[in-house]
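Below: a set of structures, written as structure tokens.
Paired with chain B in one complex and with chain C in the other, chain A is shared by the two complexes that follow.
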Partner chain A sequence: MADLVVEPILAADEVRAEAAGARPRRFKLTFWLAAGWMAAITFVAVFANLLPLPPPNKPLVGPPYSLPSWQYPLGTDELGRSMLSRVVFGARVSLEVGVAAIVIGLLVGGFFGLVAGYYRGKLDAVISAVANVMLAFPALIFAAALVAFLGPSLEVVILVIGVLSIAPLTRLVRATTLTHAGREFVLAARMMGYSSRRILFREVMPNVIPSAISFALVGMALAIVLEGALSFLGLSIRPPQPSWGNMIAEATQYLTQDAWLVICPSLFLFFTVLALNLGGDTFRAVFDVKESAL
Partner chain B sequence: MILRRLGQLVGVLLVVTFVSYLLLNFLPGNTAAVIAGPYGTKASIAHISAQLHLNDPLPVRYFDWLRQLLQGNLGQSAFTHQPVGQALAQRLPCTLELILLSQLIALAVAVPLGIAAALRPGGWLDNVASTTAFGLLSMPAYVLGYVLVIIFAVNLHLFPATGYVPFNQAPLTNLHDMVLPSITLAVGSLAVYLRVLRAEMIATLSEDYITMAVAKGMPTWRILTRHALRPSTIALVTVAALNVGALFVGAFLAEYIFQLPGVGSLFIQSIESKDYLVIQGIVVVVAVAYVVLNFLADVAQPLIDPRLRGVRRLG
Partner chain C sequence: MSPRRRVATDYPVDDGGPLLEVEDLTTAFRTPRGRLVAVDGVSLTLQPGTTLGVVGESGSGKTVLSRSIMRLLPQKGTETGGRVVFRGRELTPLSRKELRQIWGAEMAMIFQDPMTSLNPTMKLGRQITESLRYHLDMSRNEAREHAVALLRSVGIPTPERRLGEYPHQLSGGLRQRVTIAIALACGPRLLFADEPTTALDVTVQAQILDLLAAQQRERSMTMVLVTHDLSVVAGRTDEIAVMYAGRIVERAPTKVLFSKMKMPYTEALLASLPRADRPSHTPLKVIPGRPPDLVDPPKGCRFAPRCSYAQDKCLAEDPPLREASPGHVYACWFPVGTPAGRGALTANGRAAGAAPADPTLARSSP
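What follows is the complex of A and B.
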């Protein structure tokens, strides 16, 4: 029985050795699947208008409640609208919100995180305190409240999710900056008389960027889930304009007639979020290898 | 030590309540007129202005509001004219029951599974559990909830998709109704707890004192439960406290999906009807709960792991 416990000790060493880069690092098949999915979704979302699709709001493209077939690739909904077209235009909303919100979060949160982690002291204390307070508000509840006060529109949703992503990104970038700010190359740069600003942006920042990308991918997944939830509650894009969240919400009325109408947008949402999470995970693994190899 | 922490807690609570208070200032135009709605009369607008002290400077207004808050007075609903505190108190049992049940489910699954996965990292059980947890983390509550409804309510007719009876009226019916909502809410926490516990257990099991216990010939289950699980619980408690926000969000969505009369349904109704004081009341209660629970999780750490007591005293 005792060897049951010895085994994890050895295995833990193995796991650590693996993280330290003892095994050749190589992207797994799942990573390529995720990357392929994201590339496909991005492509159809960007070129949605040029693709040979019926308009997403055109009723009676086919008979209502058609199941997927050659003629109607993802079937039709309760009004006979093309599900494929609606899902593709819905992808547009999700990606737009995901990318725009994370860009806001990365620019603002990244800047505050770098400054707090590098200069530390009082500045850090203030920035960290503000970030901690912001984190006390659960994202969806605060976002829903803000949207309710400001009035729903895509711009408001992007802004609110962007602002909400500032605090977690500040914390993560600050933590990464802290580990790099004490390294030898920073000391060397300081000895050579470089200005703080130059050290921060030319020496520290390039080292923070890989992990920031990993956070950003996971953050994009969270932003897409959040937008989906707001859409689902009727606080983002309003029907008939399709988004994955409001497609799910509308289809729940027809759950007993045609469950596919709920499942189809749910699958797209799930695979996109899964792909982004996988991407973030892979980036983190690769980045850790690089860090310990230095 | 504890006094300084309490001071910090009060400071954070002040800021958090202030931010919640500021929400009202986001209303475009005349706050009182917006709250009174399109059918508000001059008198009702004046009444709301006086009630919310809208003519005073901001700090004065905030502290007035805070004093009312501490007395449990959060204003009243613009539609039902029910005091917000009373509305919350009515709805809270349902939400708390949902959260409690979901946490019981999540821990009942995550703890044994996390230990088993940590025993053989890279084994088949670990691979299946870790992959499933990763997949479940990518599934929003509003997707998972309907997947469960389609399978267990629409097709198998095992559990109802909607319906709620208070626990003290019909306990069994209540639990039966709560199965699907609790699972919907449990899954997110379950995946998080499983991942954290697995990682912590793998790290703990490679400590010297575990090797020592193995060398002494202690039975495996005793090593796991007495020596390894307890220190690993610290990370679990910290993560569980940080998870409180996500838990409220999940509970609100689950209530909406399964039409349970909890705080979440009240919140979403209030958003639809633009009942601003109710929204504000819920935001402040949830944020304060988050801050206080995280404070408690922090304070509880030395109680769980005696090693932390010495460190604290030295530091």
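What follows is the complex of A and C.
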């Protein structure tokens, strides 16, 4: 075949491509702190059973109301249970709820959002209307009512928060799909004779995923907070099984004796939510840079 | 190409007839303001292996024309009329599914902006091999080898390495080469190049056009080159169709068009080009005014409000397409270079008062 290489121009291209590829991708220190925190929390939550911790419900591991010390790293609560162990097992509940609920939201909401944004028309009108109705429900009241009806358990809480996360994710994915479905590469794919389904899932979806994930990280933080709120109201898993929310709820009774019992799980909740938000922001920022460089 | 084409084979045998016949093609969009006729009764015939240039301003309907022929426009809100016959087979009644076998395999298109016509999240290798595997049922390895050969043929150095790269790692010129490789992958017979060089640096433009011409010769492919730039089509086409406001206003073999143009619009387009043989700082002649509103086009000749030849007749009656010589048609009441045209020009010059210093500016739009 014909050789049409024109050297100088291509040499310039080469330099440019290399410069673009060599640019180091830098994250801020705060991102590394957030990622480190999430990694640590995830690690202890996953391997909670294997860690050298006393069982979270074992009373009188030490004297009640002990302050943090070498022997009791995060102190003990009103029954002398290890706060460290309870916080670690509580992290397990928070993360399970956060991850599982958002996965439900991503799968269901993501699917409806893609379909609505790509096919438009009546399908879009119906899906958007349903999503808007779902968004109009006050989340906490909806969750409280449903859990009260179905009975509090971890599965029910996951399901309820998952259902609540469907509508916002549907809307986000729909909007992102709309912008990408209008791009020329989608037309180019149609011109190559691919079917709509193939174009939707192989051309459009990979472009939608980054923004969906950055939103999902923030959504995970919201899910964890909502679980905390439900726990606080006694509508999530029941004590003595620890979750951050019910630890805070129980400890409020002893606020005057030992404020640490409230502060400790609150700090864990706070830092986890903060870390997830920072992670989501960084993810979006990285994605935006890529977008503008195109 | 591979004998295992998935493409429908129920074409009549190639009998030396035209590859593409477009008859009275009309495309209208329903807009909130009313029915917008973007392509208005266009007829074309394309012989195999030739190149047609479609020239016109922005909004003259040239992009819509090529997409209408391929039937790539969204079905919703679009009305189409007329006939498109490709290799003896009418495309109008075909379903989406049948069209998908033609798209990419028989007809392909190159888009204006290589920055947006490649998927940013997919490696180039997959973007090229996908259509090979889809249309030609190639195996993964076959497709890969074919992709490497394709990239090499469009002048991309180290094609093996490029297959594993993403579009953002390539410059604009290289990206357009990749989109050409993708469009050529399945060996289409008809290639639409929709302003293929508009988004590129001037230095790269000529390379891309040369590449297209070389590929066309090699594959004896038919090409429709859509552009707003007459200089792009000058040496690279067999025939040129000039479009204005959704219609073909002049069509002629390239040499004839440049030497014996009949339509004042063609003349004005040519006059607006910078030329090397004029002294520097010669102001370019512009065409005053703007293309008409296609929701409510003016009565009579659509170019009349901007035309330096225009007479009362032009504003009242729509000129039909007339034949000047075999293969050369135009739509004008007072054609360039005829006694009628010269008469119209002097009449307008006199009406403007002083001697017409610049005939294209002598007449202000009504």
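Here, the second predicted complex is superposed on the first by the 269 of 294 C-alpha atoms of A that agree within 3 Å, B and C clash if a C-alpha of one lies under 4 Å from a C-alpha of the other, contacts with A are read in each partner's own complex, and residues count from 1 in each chain.
We adopt the following convention: a contact is a pair of C-beta atoms (placed from the backbone, for glycine too) under 8 Å apart; a residue touches a chain by one contact, two chains touch by 3 or more.
Just so we're clear, the structure is a prediction, and the values are computed from it rather than from any experiment.
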item: Which superposed partner A:F43 touches (first chain B, second chain C, both, neither); value: neither
item: Partner chain in contact with A:A145 - chain B first, chain C second, else both or neither; value: first
item: First (chain B), second (chain C), both or neither touched by A:G121; value: second
item: Contacts of A:N277 with chain B and chain C, given as first, second, both or neither; value: first
item: Partner chain in contact with A:I263 - chain B first, chain C second, else both or neither; value: first
item: Most chain A residues touched (candidates chain B, chain C); value: B
item: Chain B versus chain C as contact partner of A:W32, first or second or both or neither; value: neither
item: Partner chain(s) touched by A:R190 [first = chain B, second = chain C, both, neither]; value: second
item: First (chain B), second (chain C), both or neither touched by A:F201; value: neither
item: Intersection of chain A interface sets (partners chain B, chain C); value: 1-2, 4-6, 9, 12-14
item: Of all residues in chain B, those that touch chain A in their complex; value: 12, 15-16, 19, 23-24, 26-28, 118-122, 134-135, 137-143, 146-147, 149-150, 154, 161, 201-203, 205-206, 210-211, 213-214, 217-220, 223-224, 245-246, 248-249, 252-253, 256, 267-268, 270-272, 274, 276, 279-280, 282-283, 286-287, 290-291
item: Chain A contact footprint on chain C (complex, rising order); value: 70, 72, 76, 99-105, 108-109, 111-113, 115-122, 130-131, 134-135, 149, 152-155, 157, 165, 167-171, 173-174, 179, 182-183, 203-204, 207, 210-211, 214-215, 218
item: Chain A residues within the chain C interface of the complex; value: 1-6, 9-10, 12-14, 16-17, 20-21, 120-121, 183-185, 187-195, 202-203, 206-207, 290-291, 293-294
item: For the chain A and chain B complex, residues of the former touching the latter; value: 1-2, 4-9, 11-15, 129, 132-133, 135-142, 144-151, 221, 225, 228-229, 232-235, 245, 248-249, 252, 255-256, 259, 262-263, 266, 269-270, 273-274, 277-278, 281
